[in-house]
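Next come two complexes, and both contain subunit A; in the first it sits with subunit B, in the second with subunit C.
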Partner chain A sequence: MTNLILLNPEIILAAAGLFILLAGAFIEEARAKLLFHLGTISALAVLGMIIAHAAFSAYGAGTMWILDPGAQLFKFIILTATVFTLLLSVNYAAIQPRHIGTYTALLLWASCGMMLLSGAMDLIYLLIALELISISCFILTGFEQKNPRSAEGAIKYFLMGGLSTAVTIYGISLFYGATGTTSLFSGASAVGLHLNDPAYLMGMLFLLVGFGFKISMVPFHFWAPDAYEGAPTPVTAYLSVASKLAALGAMMRIFASVIPHQALNITLLIAGLAALTMTLGNLTALFQTNIKRLLAYSSIAQAGYMLIGLVVADPIGRESVFFYALAYLVTNMGAFAVAMIVAGRTGSYELEAYDGLARRSLGLSIVMVMFLLSLAGIPPLVGFIAKFYVFASAVNSHQFLWLAVLGVVNSVVSVYYYMNIARRMFFLESRDTSPVETDIYTACVIGITSAATLFMGLLPETFMRLVKDCVSFHL
Partner chain B sequence: MSLLSLIVITPLIGALLILAIPGTRIKLIQGVALVFSALCLVLSGQLYRVFDTTTAAMQLVQRVSWIPAFNIYYYVGVDGLSVALVILTALLTVLAIIYSFNITLRVKEFFFWFLLLEVGMLGVFVSLDFFLFYVFWELTLVPMYFLIGVWGGPKKEYAAIKFFLYTLFGSLLMLLGILALYFNSTPHTFDMVELINQARLLPLTMQIWIFLALYVGFAIKIPAFPFHTWLPLAHVEAPTGVSVILAGVLLKMGTYGIMRVSFPALPLATRWFMPFLIVIAVINIVYGAFCAMAQKDLKKMVAYSSVNHMGYCLLGMTAMSAIGFNGAVLQMITHGLITGSLFFLVGVIYDRAHTRDIDAFGGLAARFPIYAGLMIIQVMASLGLPGLAGFVGEFLCFLGAFNSWPYYVGIATIGILVTAAFFLRMIEKVFLGPFNEKWAGLKDMDLRELIAIVPLAVLTIVIGIWPRFCLDLIDPTITYLVGIIK
Partner chain C sequence: MTLSHYLALSGVLFAIGLFGVLTRRNVIGILMSIELMLNAANINFVAFNRFLYPGRYEGHLTVIFIITLAAAEVVVGLALVMAIYKNLKSVYVEDYNILKG
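The block that comes next holds the complex of A and B.
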C-alpha cells in the first residue's frame, strides 16, 4: 500500500501555493495583500488537519515516509511559524505588491518541504524535501531586490547551501554503497551490520554535516548571520525558527532513534560540536551591534543547547529537545516580530534604535524583555522550563554533566547581550520620543507569542505531556 | 487559599494593578503600592498571631500539584526558620515604599518592579518545593536589575549587570545542584522536606559536589568571600529604598538557603566543609570590617559592614549547635532591621546634602537631634552594644562558635573591635566636632522619613531588651534542625 493519503496535508499546501502563484499573476497590485491572507488561511487549514491527526501513526509507501506524533509535532511547529511569518509579512514594506504571490507561494512550498522532512524515512525522499526547502529559502532570502545586503546574504546562503547539499548527496551515496538501500528503516541498513564499514560511517558523518549546515551548527554556521541580516525580517524569523527546527526534527529522528549516534560511536563528536556551537554562538553574539545579527548568533547558541538533548538521546533528552523546539518557536518569533516593528519605525536594525524604547512604548519594551529573558532562560518564562528540561537530561545522564555546566556558563554569558538590549530600552534616553505603533497583524503575532511565552512557562504541564507522548510513541 | 499564598499574591495583584494605571497618576500609583504592601504586612501580622511556637513542623502548609510530569508542586509552608523572615520582608517593603515616595522618575515602573520584587522575596521564604523556590529566587533578579539600573547612581548600569551576572551564575549552578538532588531521590521529587530525608543517605563524594553547587549559589547572595565584590557596588549605586531591601532581605536568602537545605540535606558534606566555612566566616568578619574602615563614603561603609555582619551569621552557622543557629537566625533578623535603617539614614542625609563623604560633615548632632539620635541608636546596635538588638545575635553567634572553634573565634573578635572603631569614628566625624556651616540650611527629618525609620528603631530596642520576642519563634525549629544534622 502506498498510503499516499498520508501526504494529504503536504499536497494541499503545495496546491495552495501553486494557486496563489497563479493568482498573483492576475491580481491587481492594490489588492495583492489578499494573497497573504489566502496563504495564511491555507496554512491554518493544514494546521487544523495536523492537529486533528495529532496522535496518528502510520507508514507510507514501504516506509518512505512515516507519520507519528513526533513528526506531527514538528509539522505543527512549522505551520505555526509559517502563519506567523505570513502575518508579519503583510505590512512589511520591502516586499513589492507584484511579487506577493511568488513570495507567499515560496513560503508555502518551503513549509511543505519541511513537513516532508519531518516524516522522512528514506534518504532520497529526505533529499527531495531538503532541496525543496533550500531552493525556496534561497529565493526568499534575496527577496529585497533593492537591498544589496539581501543579495549578498542570498548568494552566501546559496553557495553554502549548495555545498551542504553536495555533502549530503555524497553521504547518501556512501550510505547506499555500504547498505544497498536508501531506506533508513530496513533490515539492510541496520547499524549492527555495518559498524565496521568505513563507508557507512563516512556516509552518516556526511549526513551529520549536511544537517549541521541547516541547523547552523558550528563550524558550519558561517552563512547564517549574513543570510539572516540580509533577508527580509519575516523571512529571517522563518529561517531561524522553521527551517532550523525542521532540520533538527529530522536529525532527532535519524540520530537519536533510527540510527542512534551511540551505536555509531559519534556521541562525543556531537557533544563536542554542541559545546562549540553554544560557546561560539554566545561569544560572538556579545560583539554584535545589529539586532538581526545578534539574534542570528543567539539562535546558533540556542541550537547548541538543543543539541545537548540530542547528545543525551535518552527519553528525557528527546523530550527536552521537543519541548525546547516549542519554546524556541514562540520566543524567537516574538523577538523577531518586535525587532521588525522597531526597525519599521526607526528604519534601523542597529541596537541604537532601542535606546529609550521604554519611554516611547512601554508595552512593547516589556514584551521584548520577556522574550529576551525567555531566550536567556529566566523563570517563570518558557525558555527557562526548556533549559531546565535540557539541563535535567544532562544531569540525569551523569556522563554529560559537563555539557550542563558549560550550558550554565553560556547562559550567564548570554544574559549580558540579551540584557544589553533591555538596558538600552530602559536605561537610556532617545532623541526621538514619538511612540512606536504596531500594526494589527504584527500585534497579533506579538500578543500570541508573548502570551505563550508566559503561560507555557507558568503551566508547562500540557506541553510536557505532549512531548512525552511524542517520544513514547515514536515509530 | 491559605494565608501564605495570600501573603505572596497580594503584592502581585498590586503590581499588576499599577501596570494598569496611567503613568501620570503618581499619587494613585503610590497609594496602590502602599495599600497592597501594607495589606501584605497586615497579613503577615496575622501570620505571627496564628504561628504555633511549640512545634518544629511546617505550618500553614498548602500543596497543589503544579507540574506532575516532574513531580513539581506548588508547596508552601513556614517554620521557625522562615516565619520571622517573611514578616521582616513585609515590614521592610512597606517602609521602603513609604521612603520611596520621594522618587519622581518613572514612578509607575518603580513601584511595579518593587512589588514584583516583594513577591519574589516572600516566595523564596515560603517555598517548600525546590523548583518553586528556584523560580521565586530568580524572580527577585529581574526587578532588582531594573531598580538599580534605572533609579541608581552614576555607575548604575555597571552595578546592575554585575549584580545580575553574579547572581545568575550562582543560581544556575544551584539549579544543577537541585537537579542532582532530584535525580538522586526515589521517587524523583523537589519536595524539600522529602529531599532532606533522602539526600542525607547519599555517599560523601556526591554530597560534596551537590553542596558545592548549592553553596556557590547561596554564597554569592550572602555574599561570602570571595564572591562579595558585587555587593558594595550594587549597594552604593542603588536608590535608598532598594539598598534597604537588598541588605535587609536579599542577603538573607543566601544564609536561609544554606540552613534550609544544604545543612540538613547534606550533613556529611556539611561536616566536611566546616573547616572551610569557618575560615570564610572569619575572613568575612575581619576583612569586611577593615574594608568598611577604609571607606570615605558613608554608604559604602555600611555596605562593607554588611559583609562583616553576614560573617557573624556564617560564624553562628558553623557552630553546629542550637545556640549558634539561634544566633545566626536572629542575626539575620536584626541585621535586616539595623542595616535597613542605617541605609535609610544614609539616604536621608544624601537627599539633603547630595554627598555621602564622611569628612564633609561635622557637628550635625546639635542641629539635627532627631537624625543624630536615630543614627546613634542604630550604629550602637550595629556595633553590638548590649541592650540593643545587634548584641543578642552577635553574642549568640560567638558563644555558639566558641565551643567548636575557639581560635577562629578569637581572630574574629578583631572584627568586632574594628567595627566599633569605624562606626565610632564615623559618629565623631559626622555628628560631633565643629559644625560645617555649609549645611546650615538643611532641615531635620520629615514625617515620611520618620515613618520609615522609627518602627525599625523601636524594634531594635524591643528585641534588644526582650529577644525572646523573636527567639521563641525560632527556637523549636532550630532545636529540631540541630537534631537532624547531628
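The block that comes next holds the complex of A and C.
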C-alpha cells in the first residue's frame, strides 16, 4: 500500500506548474498576466483540498511521508504565502511578460517542495524536497536578469545553499552509516540505541546545520540579507516567509518530536544558537538603511524567537511556534507588500523613501505602522500574542527562563528600528508629495494581512484552539 | 581495504571541499569544491552499504539520487554564474560587492 493518493495536493500543484510553464511559451505577451491568475487559482484549489483534509492523519509508502494536522497547518501557511506572493507579483514591473510562465511555475514548484518537506519522514524524501525548494528559489532570486543586484544575491544564495546541501547530505550519510536506514521513524534510528555513536550524533548535527542555513540561523545567516536585497520583492517576501517556515516546520518535526534534541543532549547548543540568532539579528538591524535589509535582519531575529519554542519542545513550546508561524506569515507578508508599493512609487528601497509617507498616503502608513508594531510585539496586535506565547512557554519550562528574559530585552531593542520607520513616515517631510497609489492586487494582500494582524491579536482564542488541535504530531 | 579506509578518504575529501569553499576566490572553484563534498557523502553511502549492510540497497540507491540532484544543482549554478558574469564581467567573489550593509 503506497498511499500515493495522499500526495494528490502536491501532484496537482506540480502538474499545474508544468501546464503554466508550457502555456507561458505559447501565450501572447499582452495576456501573459493571466498565468499569474492561473497560478493563484491552482494554489487556492490545493489550499481548499488541504483545508478539507485538515484533520486527516496517515502514512504513505511505509513511513516515507506522513499526513497529520501539524503538516497540514504548515501546508496551509505555505500555500497562503504562495497566493500572496503571486498577487504581489502581478504588477511587479521587473518581471518581463515573456517570463511570467517560468516565474509562476517555479513558485508553484518551490511550494510543492515545501509541502513535501512538511510531511517528510525519510531523509531521502526530505533531501529531494529540500533540493526542489533550493533550486527553484535560486532561480527566482536571480530572476531580474538585467539587474546585477539580483544576480549577485542569487549567486551568494546559491553558494551558501549549495554548501548547506552538501553538509546536509554528508550528515545523512553518517546517519545512514549509524542506523542502516534513512527512515527517521524506524526503530533502528531510535536515539537510545545510538546515543554513544559519534557518527549518529555528527549526522544529526550536520542536519541541524543544513536546516540552520534554511531558516537563517546565526552563524549560518550570511546569505540572507544579500539574497533578500537582491531578489525581486515578492520573492523576498516568499523566501522570508514560506521558505523559512517550511524549514522550521520540518525542524520542529525532527528535533522536537521524532528525534528529540533533549535525548541527543544538544538542547543547550540550540538554546545558545537561538539566543545568538535573535541578538545578532536585532543588533545588526539597528544599523540598516535599506528597508529590505532591515526586514531581512528582522526576520533573522524573528527566527530566533521561534527557535525558543523549539528549545522548549514541550506541547506548549510547539503550540507557540505554530502560532508564531501564523502571526509571522500575515505580518511579514504585509510589511513586504507595503515596502513593494512604496519602492514602486519612489524607486528606492532606502529608508529615506518613507519620509513624509503619512502625507502621501495615510492608509498605507497606518497599516505599515501596524505591521511594524506587530513585528515588534506591541499589544493588541498578533505579534504580541505570538511573542507572549513563546516567552510563556520558556518561562513555564523554568530551565529556559533566561531565554525568555533575553527575548524580552531583544524585543525592546527592536522597537527602536521599527519605530524609526514610523517616525520617518509621520514626522519627517519629503520633497515629493504626490500620493502613493496601491493597485488592486497588492491592496487585496495588504487588506487581508492587516485584517488578520488585527483580528488574530484581538481574538486569539480561536487560533490558539486551532494550533492546539494541530500540535500533536501524529508520529 | 576496510571500512575505515573509505571513511578516511571521504572525510579527507569532505575537508578539502569545505576548505575550498571557504578559501577559493573563483566561483567555479567553489562549485567544484561543493561537488567534492557531495562525492565524499557518496563514498560514505556506498562504503557503509558494502561493509555494514551487505545485501541491501538503500545506500546505492541514495547515491543515484544524490548524483542526479548534484547535476541539477550545477546546471542552475552555472546559469547563475553566466548571469553574473554578463553583469559584472568577473568570476571572482571579491568583485561581487554591490550588496552590503
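In the analysis below, the second predicted complex is superposed on the first by the 473 of 475 C-alpha atoms of A that agree within 3 Å, B and C clash if a C-alpha of one lies under 4 Å from a C-alpha of the other, contacts with A are read in each partner's own complex, and residues count from 1 in each chain.
Rule of thumb we're sticking to: contacts are C-beta pairs under 8 Å (C-beta built on N, C-alpha and C of every residue); 3 or more make two chains touch, one makes a residue touch a chain.
Note that this is a predicted model, so its numbers are computed, not measured.
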>> By the touch definition at the top of the document, which applies to A:182: first (subunit B), second (subunit C), both, or neither?
In response: second
>> Per the contact definition in the header, classify A:173: touching subunit B only (first), subunit C only (second), both, or neither.
In response: second
> Who does A:348 touch here: subunit B (first), subunit C (second), both, or neither?
Replying inline: neither
>> With both complexes overlaid on chain A, does A:395 touch subunit B (first), subunit C (second), both or neither?
In response: first
> Looking at the overlay, what does A:265 touch: subunit B (first), subunit C (second), both, or neither?
Replying inline: neither
>> With both structures fitted on chain A, tell me whether subunit B or subunit C touches more of subunit A's residues.
In response: C
> Which partner does A:154 reach: the first (subunit B), the second (subunit C), both, or neither?
Replying inline: second
>> Touch test for A:145: subunit B only (first), subunit C only (second), both, or neither?
In response: second
> Once the shared chain is lined up, is A:408 touching subunit B (first), subunit C (second), both, or neither of them?
Replying inline: first
>> If we count contacts the way the header does, which residues on subunit A are in touch with subunit C in the complex?
In response: 124, 127-128, 131, 134-135, 138-139, 142, 145-149, 151-156, 158-159, 162-163, 165-167, 169-170, 172-174, 176-177, 180-182, 225-226, 229-230, 287-290, 293
>> For a test of understanding, state which residues of subunit A touch subunit B in their complex under the given definition.
In response: 358, 362, 369, 373, 378-380, 384, 388, 391-392, 395-396, 401, 404-405, 408-409, 411-412, 415-416, 419, 422-423, 426-427, 460-461, 464-465, 468
>> Taking the touch rule as given, give the residues of subunit B at its contact with subunit A in the complex, in rising order.
In response: 23, 66-70, 109, 134-135, 138-139, 141-142, 145-146, 149-150, 156-157, 160-161, 164-165, 168-169, 172-173, 175-176, 179-180, 182-183
>> Residue numbers of subunit C touching subunit A in their complex, please.
In response: 10, 14, 17, 21, 27, 30-31, 34, 37-38, 40-42, 44-45, 48, 52-53, 56, 58-59, 61-62, 65-66, 69, 72-73, 76-77, 79-81, 83-84, 86-88, 93, 96, 98-101
